[in-house]
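Read through the structures below before going on.
The two complexes that follow have chain A in common; it is paired with chain B in the first and with chain C in the second.
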Partner chain A sequence: MVAVKLIPHILSWAGIVLVLLRGFPGRRSVVTLTSISGFVIGVVGTFTLFRSFPGTVVFGIVTSALGVVFLLIWGISVASIYRSTGRGVTFLWVERLVNTSLCAGMVAAIAGVVAGAVGICRLPVTDKTVLGLSLLVPASGAVAYAVAYATLAIEKRLPKSFAVSPYGMPTAVAALLLFSSSSILRLDLFSPLSMKVMKFAHDFVHQFMESMLIPDHVFIQSYLWRYIGLLFGKEIGFWGGLFIWFTPALLVLLAGQFERLPPVAHIRQGAQRRKILAAAIRERRFRLVIPLISLLFFVAAAYQSRFPSVEYWDPKPIVVTATSSGEIIIPKKGEVDLEDGKLHKFLFNRGGKDARFFVLMGPAGQLTVDLDACAICKPDGYGQADGTVICYYCKTLIPLETVGKPGGCNPVPITFAEKDDGVHIDALTLINEWGNTVQSTSKIKEGGK
Partner chain B sequence: MKRLLRAVGVLLTSRITSPVVIGIFLIIYIVIAFFTEDALITQMELTRRSVVLVALLALLPLNIAGRIVAEIRAFIERRRLMYGNVAGSDPELFDETIEIAISPAFAGLRERLDVLGYRTRQTEHNLTAWQGGSIFPARQLFLFGVFCLFVGIFISLVTRTSYRGPVVEGVALPAPSGSGGIVERIRLEKSTGRILSKELIMEVAPSGKGDARTECGIYPPTRYHGSFVYPRFLGVALLVRFSAPDLPSAFEKHAILNIYPAGKEAPLEIPDSPYRLMVSMADPGDGSDPYVTGRMVFTFKLLKDKEVVFAGNVPGGGTFARDGYRLAFPDFRRMVITDFIQDYGVLFIWTAAILLGASFLYWLPVRLFFPRREMLFVRQGTDMIRACSRAEGNDRDHGGVFNEVLDLLDAGRAGERN
Partner chain C sequence: MVESIIETNGLTRSYGDICALKPLDLQVPEGEWLSVMGHSGSGKSTLMNLVGGLDRPTAGSLRVGGEDLLALSEDGLARFRREFVGIIFQQHHMVPYLTAVENVMLAQYFHSVPDEAEARSALERVGLGHRLKNRPGELSGGEQQRVCIARAIINSPKLLLGDEPTGNLDHKSTVMVMELLKELRAEERFTVIMVTHNQDVAAWGDRTIYLDDGVLVREERMKS
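And now, the complex of A and B:
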């Protein structure tokens, strides 16, 4: 089962090695050795981090590394389009640097480290002993060695026309890393990106309207305000996220397409001129293959993020009532076991107003009571999976360790008392907190006014 | 010093300066977004307070200004070459430059190019041919637009001041200058426009000699004593008189209540007492807007701590009395919560929008239907010709013509040799 889970990561790793070998022609041994070493370092380093720090920290580090890779790709893709379209813009020293063994080794090593780190995050690291570590080193080394040398053999058989441009190579490496990480819920980058885009769009539109002295919704035609309101919904986060997600690969594609053809004015034989131009166009088309494949991997990563193969634990809310003193009392071992580490949802009604909340025992063994809503999004609620709860509206993952803490897309915590007979919650506080939260998030939906 | 100046020149005219600066701000935004939910506002505040970031932001308009100068210089230089006003040619100004031996076919080249649809001009040393319109004006409009945009953002971010105050009928306009005229009337009317649903007009009397009567509307915002008048929310300035059996004295206050539209509640604390009022405008139920008609009935709830003592309706100018409690609203006036904003960056941003729109409208048809294509043939001494070519669109077709012309010259020379 573990081996099956690792298949996408091993295939991604093989793809990365293949692209690196093609991207650094003539540096095969350096690329092979450094990528294998990097992979083993990534696996062992992340394993060591898991031994020393809570999972949230380790996943945070690996996600940040992936984020940096994505940012780098953005920079590289912008440089590629400038180089292709801008007269007088050259990156000669960069291109010279890229062709050195040092650069080839560094890129291969970094790609290996990140790929190894992502791979180990897929495994349930239960044996965190030194023995586990000592077994992991040869195992990861053997896998990396086998995959890298099999890829090397394949690469030698590929036609020469299968070329990888200096800009296509990092794009492909990033696409494969992001594809590999997208199958791990806590390493997914696309959903947090969409959420940040949604927040940015909201802030930007609000600031823009204030800066340009554009009147408030009170004065605007309602049909027009409905269009403006679209900029505040989760859809803008999704489409904006897609735009940011695909742009690097698209820019590299366009850069390849816009690449200037070689000067042929000095050639006086028309046939030779046409031959040179045709060869250049053919070569240019071949160089588009890798960015196109990268684009497909970006699509696959976004798809996996949008439709993860994870079933969320989302129980039907249990209806609860308050006592005459205005308290909601939920026994620890009643209809449900509050201490089983699962999210338990409840529904309280007073005066026609519903308040949905959940009780959860965190990894540290502390109970927490929270609204089934956050202070930012529409109250679509939360589901639980893989050491996290997920906000259904914006797809943000909240590590279980941070549930019960206020802020961001975290569920809004509710004050409660833990007594022998169960969890005691003040009904008025709950209903007021729910009302305030839902009212403020509805304002966001209307345009944050 | 010379090297430093050259480096500054390169920095200001480089095409990559602006993307790099924008990239730096993007990275700062991402870093901030890790720590706070209000990343954009935090970044704006951080930029405002940091000299380094302000200097970095200033690089954007400076770089665009540098690009404008560099591109105008290149355009003038190319134009002078094309007019044959100067000898020689700068390869940097063209896509392709080649030197070939002079050919007898050069004499008939002008006719050939005329036949191919090019307009031509010949001087003693030069032959120039061109087709289509240049996108240079569009490019300049675009660059000026971007310049205005960055200047606007810079000025707005660094110098914007904002003061919020209630504009009340019969009271002096609370302008930051401190010398606002009396607001004679506030009118809210239905608008028939496609964008605004309502029109709001604040009629302000002259504040002194030389001052004119002003009508402040919604959009575009009116300028009053150097500040933009930016209406934000509507409400009512309500004179509230309240007395209760357990209060030693009656309470009276001109309350500024943000209670528009009808039904929206605003709290009013009665100081040094457990009492609190929740006030709203009652909906007349006939589809009319009390703010427009001026016929206002106020709905109130009187709370003592958390308990509701009583609730009811009082028309403007009316009184409510029960069990020793007395609540009166003897005076009410229309009120607009207004921001007085001093921000000259806004003007630049509006200008930028116009320039960028004009640039696009010019660029699209020229680029699609008649892009500029140019050829220049310059005699180099007695036996060489330097041929230059440049295209702003359809460059493969133009390249084909250019190569054909060069072939023609070459064939003419081969004919002469034979």
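And now, the complex of A and C:
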């Protein structure tokens, strides 16, 4: 089962090695060696981090590394489009650096480290012993070697025309890394990106419009608020996220399309002139293949993020009632086992008003009682998967370690008492807390953050 | 010493039991204008098709421009035809709904990329600057053949093959076309192989070979 989970990651890794081999022609041995070493270092390094720090920290580090890769691709894509405008900008030292073994080795090693780190995050790291570590080194080395060997054989059989441009290569590497990581909930970059865009749009619109509309401006008047609601929908985050997500690959594609053809005006014979142009156009077309494939991987990554294949644990709420003293008592080992580490949902009704909440035992063995809603989003509730709970509305992942703490998109914690017979919750507090929370978050039509 | 652009050794082409071209040894020096004469069914067009890479021999060897045509794949042969050969047929074989200039550009397209300015200039070169936008049906027989010449030379071939290109033309048009070919050959220095029934047309060449029933029976060098 674990091996099956790793297949997409190994295939992505093979794709990365293939692109690197083509992207650095003539540096096969350097690329092979450094990519294998990088992969093993990535696996072992991340494993060691898992041993030393809580999982949230390690996931945070790997996600940050992926974020840096994405930012780098943004920079590279902007440089590529700028260069294609032909404004006489030449980065000769950069071009010289790109063609060195040092650059090939560094890129392959970095890609290897990140790919290895992503791969190990897919595995449930339960055996954190030195023995586990000593087994991991040869295992990851064997995988990396087998992938490199197979990829090398494939690369040699590919037609020469299947060229990878200096801009297409990093784009493809990033696309494959992000595709690989998007299947791991806690490494997914697209959902947080969408969320940030949504938050930025909301904050910006709020600040800007408020300062411009109150009091009525000569040109911008307060009736505009009617239309501004569009910018407060959660879709703004999704579409804005998509724009940021796809732009690098699109820019590299466009840069390839705009690439200037070689000067041929000095060639006297028309047929010869046209032949050179046709060859250049054909080459340019082939160089678009890699950015196009990268774009497809970006699409696949966004799709995986939007529609994760992970099944969330989302139990049907159990209806509970309060005692005559106004307490809701849920036994620890009753209809459900509150201490099994799973999220258990409950529904309380008083006077026609529902309040949904859940009880969960965190990794530290502490019970927590929280509303099935946060103070920001519409109360779509939470699901549980892979050491996190997820807000169904904004897709924010909340590590189990932080559930029970207030703020952000965390579920709103409820005061409770843990006694021998179970968990005691004050019904009035619960219903009031739910009412206040839901009332405030429902103010924003189709709103979010 | 002028190098041979075409070298055949025992070149044979059979269609079932019928041997259209019997073992033929032939050398054509670069830049020569070779006329091929013979009756219908003597193997003239078969020879031209083989030399132009339009057909494959049954036996023997065939080298054109240093390329062993028997060793070439279908793609290789297509590339050879595209880059090395220009052909003018008796029928114009133009696309009827394209204009003269578009028909020439079509040849450029299959070779590399179209270039309208160059196609226009090629048509002007054959004296059809005023017929650029006319379709084949709006051109006379002589004009159609001149478009075919422009189309054949647009990709700067090393070898120009003519399969009775003046067969449908009157005397005046024939002379005009032959003069044009002579002029272009002097400028471009391509080799010409011209299949014809007409002794007068053959006389434009440097040398004439006669085929009969697939066999080279006679060879005649023209006086310059």
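Following the convention adopted for this analysis, the second predicted complex is superposed on the first by the 425 of 449 C-alpha atoms of A that agree within 3 Å, B and C clash if a C-alpha of one lies under 4 Å from a C-alpha of the other, contacts with A are read in each partner's own complex, and residues count from 1 in each chain.
Please note the rule applied: a residue touches a chain if its C-beta (ideal position, glycine included) is under 8 Å from a C-beta of that chain, and two chains touch if they have at least 3 such contacts.
Here the structure is a predicted model, which means the values were calculated and not measured.
In the superposed pair of complexes, A:352 makes contact with neither chain B nor chain C. With both structures placed on the common chain, the touch criterion links A:71 to chain B but leaves chain C unconnected.
Looking at the shared chain after the overlay, A:224 reaches chain B, while chain C stays out of its contact range.
In the superposed model, A:212 makes contact with chain B only, not with chain C.
In the superposition on chain A, A:204 contacts chain B only, with no contact to chain C. By the touch criterion defined above, A:159 lies against neither chain B nor chain C after alignment on the C-alpha atoms of chain A. Of the two partner chains, both chain B and chain C are touched by A:270. With both complexes superposed, B is the one of chain B and chain C in contact with more chain A residues.
With both structures placed on the common chain, the touch criterion links A:365 to neither chain B nor chain C. Of the two partner chains placed by the overlay, only chain C lies in contact with A:278; chain B stays clear of it. Residue overlap on chain A between its contacts with chain B in one complex and with chain C in the other: 270, 273. Against chain C, in their complex, chain A makes its touches with residues 269-275, 277-279, 281. Residues 67, 71, 75, 78, 82, 86-89, 196, 199-200, 203-204, 207, 211-216, 218-222, 224, 260, 263-266, 268, 270, 273, 376, 407-408 of chain A touch chain B in their complex. Those residues of chain C that touch chain A in the complex are listed here as 83, 108, 111-113, 115, 118, 154-156. On the chain B side of its complex with chain A, the touching residues are 15-16, 19, 23, 27, 29-30, 33, 37-41, 44, 92, 95-96, 98, 156, 160, 193-198, 200, 218-221, 228, 230-234, 260-261, 341, 343, 345-346, 349-350, 387, 389, 402-403, 406-407, 410.
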